[in-house]
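Right, I'll just put the structure down here and ask away after.
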């Protein structure tokens, strides 16, 4: 593999995913506005917002960890993306998936969150640790169904390599994990609700309780890094789910379509529900979703024949 | 001060400190005592104009209801008025907001919080005075606890009169603010810094219990 | 028992109560405002025992509020302690007149735990002292108030504003009475 | 096996056991130290009697070796010798006990065993 | 000539002669009388020593025949090796005892006479072979004792003495009666003759006769419950007398029992049972005792009980060749230690355990006290340890599980109360001062001498086992360093470092395979932590360095051990030294005791398992574990449980948080990162030996795997709920060790590599974090995290340490920790433990909770005003931290330099499933290129960093202070109320907090409560009433008789 070329391809991927992520965000906002009978933001609004925050002329800093927090966060997003093949079989969008398998991705997701948590922590604002504590607590809970789902997927395909998992789902729509391993997908989608930070699981930013939580003190260029990451990370996460459960994508339009569809699930649920209390959210995830996850594993163990 | 003016952006340490007389010695250690300095526009004019256009189309309003007029802000986001389509968005924290709407009368107590929030916003930042009370006190002109002229305390870019002005008026105000921003007329943040002593004197004249630093970084 | 019956019982209860109170605490004035609302006026020094009695014997367990009226012309403050009886659904207001010079009143915080809030407010707004009431000297609503208490009638708010807050030129103030008459009810004319 | 074929020895033997039992009994029921010591003496004496009785053979001769005497008809000399030693020792022990009684009386002004229960558990 | 001069009979002659002469001399010159007495006692010693020497050389036993007639027709005495041994001990003790209490003795000639006659009585009891003669010596001894006990004639001593008199006279009466009945049946009084003709002792009559003799001797050995009088005497008698009563007189009776034991073949189980009952019951009661003298009494009684048991059981199973080792070992240990302790008790004023804190004014005495306690408790290197080892092994050979169980239970209880006593002596404050000036060194020098003798005896006994030369090296190294304990801290540190480094250089090359890897982990890890030891400038740390060296060296010997004894010895040495190190903490008295008790309990489980293995295989080699596994799973389960306790396994973890929290802050690092690995090593010792059987142990392994994961989860949740920083880390250790347990139980190549990898990981990051925290605690003087905050400004390097540490723990790539997680899941999936993998994921997610809490509440958020001028941690702490960080970064960058050796070390036991392609590691299920990940992340990190830097060049960036925050338009008022730190995860507590309820703690508290209640109930027998005691004696003999008849 030519290193320079693969780095170039990676940069292309990042840019594509960034643009796509921002557009997706705008599209969702627009959709929600239309649901509410509004016109909604222009489709290019997220780009303006990012540039606006990049273009702020003053900033305050609370210390070096505060400065590094967004850097960690964006690194986390970029890295997660780097280890996921975005489009199956594509040389350009294959990224560095050969560096590690699914476990690497699952753990690398924490990298950015950890760095962000530390940076926000140094800001000294009490909402920051409150939000992080809520987020971590909820994360521990929704990781359980997610992990069980991933384990079920692993049991099904007997590999932890994302590329191979995608490869195994090619051919027909009935080869998708969604149909071959429905319990795992159900559990994973429960977890996805928690990851997406839409109601009823938007505990971290929790407007009206701890207004926007961790990034309370982040602004200007720091915030724009976070916004950038948000787009990239959302893209990476969607691609991961798509790869694991929905057959992956062999070209860009399919990817766009599938990820958009996946993303609509938490959005549509989000517009219909109020927010959980933290303890309720934890108990929720440890209840039915975990049970579904366990069923998925047991199903694979005893009846799963693919 | 001169040195900083010549070389903006690189001075993390200011030479002159704020007095912060309202704080105890112990508290002074906990608050930053640097003097605010104005920022220069981008050296390339088209960059500045580009950014002004962006700023105008991405107005982040601080969700801070300072008075009775706050009730007029809520319909702004509803389907009837939908300020979103103009790039207006509510932000819950002053750090991220660029527009401060002082909605209606402001009592002395609220003024203190307004000043704090305004100073915590990052430039460029804009202030809209909403309602007659912010202009000359309105019906509360002789209340012992309500200020009369907002622009003596913080720089106001735009007033919207009325008691109360309807959301349409506010939307019109946003349009006007956008125009002013694009025209590069909104330099309230820099004005505030340049006339810092005057603003502080006015503020301290009405706020007797000044238990915060002189500039709330 | 129907509503009318309850009303009758209440009226009788209130009358009997007021008689008892008059006997016991030398209430110099009793006023039956409504079926379920009466006012008694007691001595400054008997207030505590009267309230105590009402709370413990007559079922007026709830202190609704404490207010004061500034009778600047007659030189006294009239304090109103409004109590409520849940069982009988009746109110009773106990009034005390205190002098305007160095006004001071006994604290009733020991009777109702929320008492200190009202007393702190009265201290700030009227300068009435309640020795022994918790945090009574702390600020209640105002921050850094440096004049005479603003609710006193001798406080000249217009002059205060002129001194303290800048005026913007161009403001026209109209006489409200005249304006309303001119603009809203022109047909009524001078009366 | 133990055989009750010697009336005199039996009488002594039974008496000895009775004395032991009564001595123990006295040690258990009496609170007074002096009485307990007496009980001990009774027990001791009982043991001595048993010792003698065990060695005695009715109609046996004195244990003096002589050509004329059949060894089997001799009274066993050993218990008799031992009992002398035991009596001496018993005497010594009794003396110690009595001096304890004196000392205890001096120290506590009481001779009750119940007053000697300072230590427990 | 020499032989005649040194004839044992001379002891009696001299004693009687001195008895006559002393009053005459005393009247002239009390001083000379004293010299005569000492000369006599010295003569006794010389005689016994001479004969001991010659007998050891193989000389025949000395037979003394009286009246010129051969036994059995005349009284004869024998002076064999056993007699010589006992009498040498007794006479030595008597010599020092007389010296110890000379102030009291010299007043009256009669006291001196009594003392001499007393000792003579003891000598006689030991030597005589005639039953009636035994009675006479018993009476001589008893009468002298009666008088000597009441020598001070205070009220309590008189009461106790009179009870003693009653019991003594009853016992001797029974002895006399029994003797006569025996004589009646057999016609002989000679013990040897009786043994020859024991078939003549028949029927109930014979049984009764034997019972009376036995009962009399046993009563004098103070069996439970007929021993109240004895306890009173121990408590009330003058210390010197009590010491000799406990060691000398009891020795004589024990010896008497030994002599008549051949007569009592059918009695043996009952004798053993009564001894064991005494041992266990006394130790239970000891739990409740607060008077040290009486506690010593209980201990004496218990030890005698154990010796009786050992004697009876060994005789029963015809293991008489072990009697010298077992009973002799128990005896000499009890003898020296009890004498020393009683003598110490005489020096100390006051009757509370806490009063022993007076000893601290003389360090040599507190150390002596510690040694004596340790010797009594049966810990190495003292004789009891060897004796118990041999006893347990021998009994187990005959499948005597019940006996062993109760012996170990009693020993455990003994440890509890003895070390509680020591803890009180170390921690409490006595208002009385130790006064040893008036008596000079006369009173304490013997104690020290006896400690030396104990050590010597221990060494002698050790030599009778097949042990490597270095087995006791830790002890000697520790003792050596103790000699220089008075020097400067830095000097001691360097000396200790040199010792450890030299030892490492010697040891590590000699190890191989997994042991080698453990060696490379533990010894350098210890060195790094030791570097930090001088961080508290100006604080002396007495005892720290000797114990530390002992601990590290015992870890080394543990690794090098090849036999079960060597392993167990090293294990116990490690336990003792780490216990003592823990107890050096300021408030560590109770936690360290709990730690010791659990450790010893664990060690006993291991001992039990070893004994089972030995019984099954007859081999002492560690490799026998594997053979034993074929027969039964029990050794495996027991060993696992033992190591599990050491690792703080779930349910038995209750010792861990407090022990970690209360010991010195840098030593916590040692406990967590190094000492806990001993448990892991133990697991691997078992695992590697039993590789062949592991396949058949699916059920056990599955259970262990689940337990490990539940441990991981519970540890993480409890850590998240802790407010105390050291508790948090302690629970974290529990959780992390849980993963190691699970990966061990996976028992395939990946699993074991994962376990080893996790162990290395744990060593690195726990060492790092605990040292960083030690620095924080040193600077901020509080352990509660909510009282800290914002320290990143003051302690940036410590912050980075903790940051690296928590990233490593959490398993976030690209650092080392991810490898552990990756291997863990790979192993779990490979094994097919899918639900377990889900649980592991949950546990590792919960770990994020406490990790963020840890770093946030300490270093981030709002700094307290009082911490404004806090400085960075001392350099001594930073150096090892930086070393750890460098290691972590290096292993993260090049994971193969770690995984490859681990894989190779595991490969001999489990076939490797790894494939390497350069830096890419491929398993059956996945792949991971640590080097590449590290580089990608590094490059990716630079991109936003440069971007941010570029943007900030165009901005005015103002550095602000901690209160410059958006506070809902208000201003913060105090850092304490602005810092979100207390009850950090309140909602988590609401959601699943029921999982953190301290049920285990409650359970063990219940056990402790129960033990105390048992003790309290058992001691209801001791009413203090002489008649009750007499009644109990009758009752005891009656029950014994019935028991014998029934059996």
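Descriptive notes on the structure:
Just so it is clear, A, B, C, D and E label the chains in written order, and each chain counts residues from 1 on its own.
In the analysis below, contacts are C-beta pairs under 8 Å (C-beta built on N, C-alpha and C of every residue); 3 or more make two chains touch, one makes a residue touch a chain.
Keep in mind the model is a prediction, meaning the values are calculated, not measured.
Looking at the partners of chain C and chain E together, the chains they share are B. The minimum number of touch steps separating chain A from chain C is 2. Look at the CA centroids: the one farthest from the centroid of chain B belongs to D.
Among all pairs of chains, A-E has the largest number of C-beta pairs in contact.
Chain E has the Cα centre that lies closest to the mean of all protein Cα atoms in view.
At the far end from chain C, in terms of centres built from Cα atoms, lies D. Note: centroid distance chain B to chain D, computed from Cα atoms, is 114 Å.
Here the CA centre of chain C is 104 Å from the CA centre of chain D. Mean C-alpha position of chain A lies 99 Å from that of chain D.
Each chain gets one centre point, the mean of its Cα atoms, and the points for chain D and chain E are 50 Å apart.
Looking at chain B, one finds that residues 32, 39, 93, 95, 217 touch two or more other chains. Contact with two or more other chains is made by residues 56-60, 216-217, 220 of chain A.
Touching of two or more other chains is recorded for residues 954-960, 962-964, 966 of chain E. Contact between chains, using the touch rule, shows up for A-B, A-E, B-C, B-E, D-E. Of all residues in chain B, only 8-13, 26-27, 29-32, 34, 36-37, 39, 42, 64, 93-95, 113-114, 116-117, 120, 211-213, 216-217 touch chain E in the complex they form. Contacts from chain C toward chain B in the complex involve residues 139, 141-146, 150, 155, 157-158, 160-161, 164-168, 170-171, 173.
Residues of chain E that touch chain B in their complex: 865, 868, 953-964, 966, 969-972, 975. Partner chain C is touched in their complex by these residues of chain B: 108-109, 112, 135-137, 141-149, 152, 202, 205-210.
By the touch criterion stated above, chain E contacts chain A in their complex at residues 790, 792-793, 799, 803, 806-807, 810-813, 818, 821-822, 825-826, 829, 834-835, 837-838, 841-842, 845-846, 848-849, 852-853, 855-857, 859-862, 920, 925-929, 932-933, 936-937, 940-941, 943-945, 947-948, 951-952, 954-960, 962-967, 978-981, 984-985, 987-988, 990-992.
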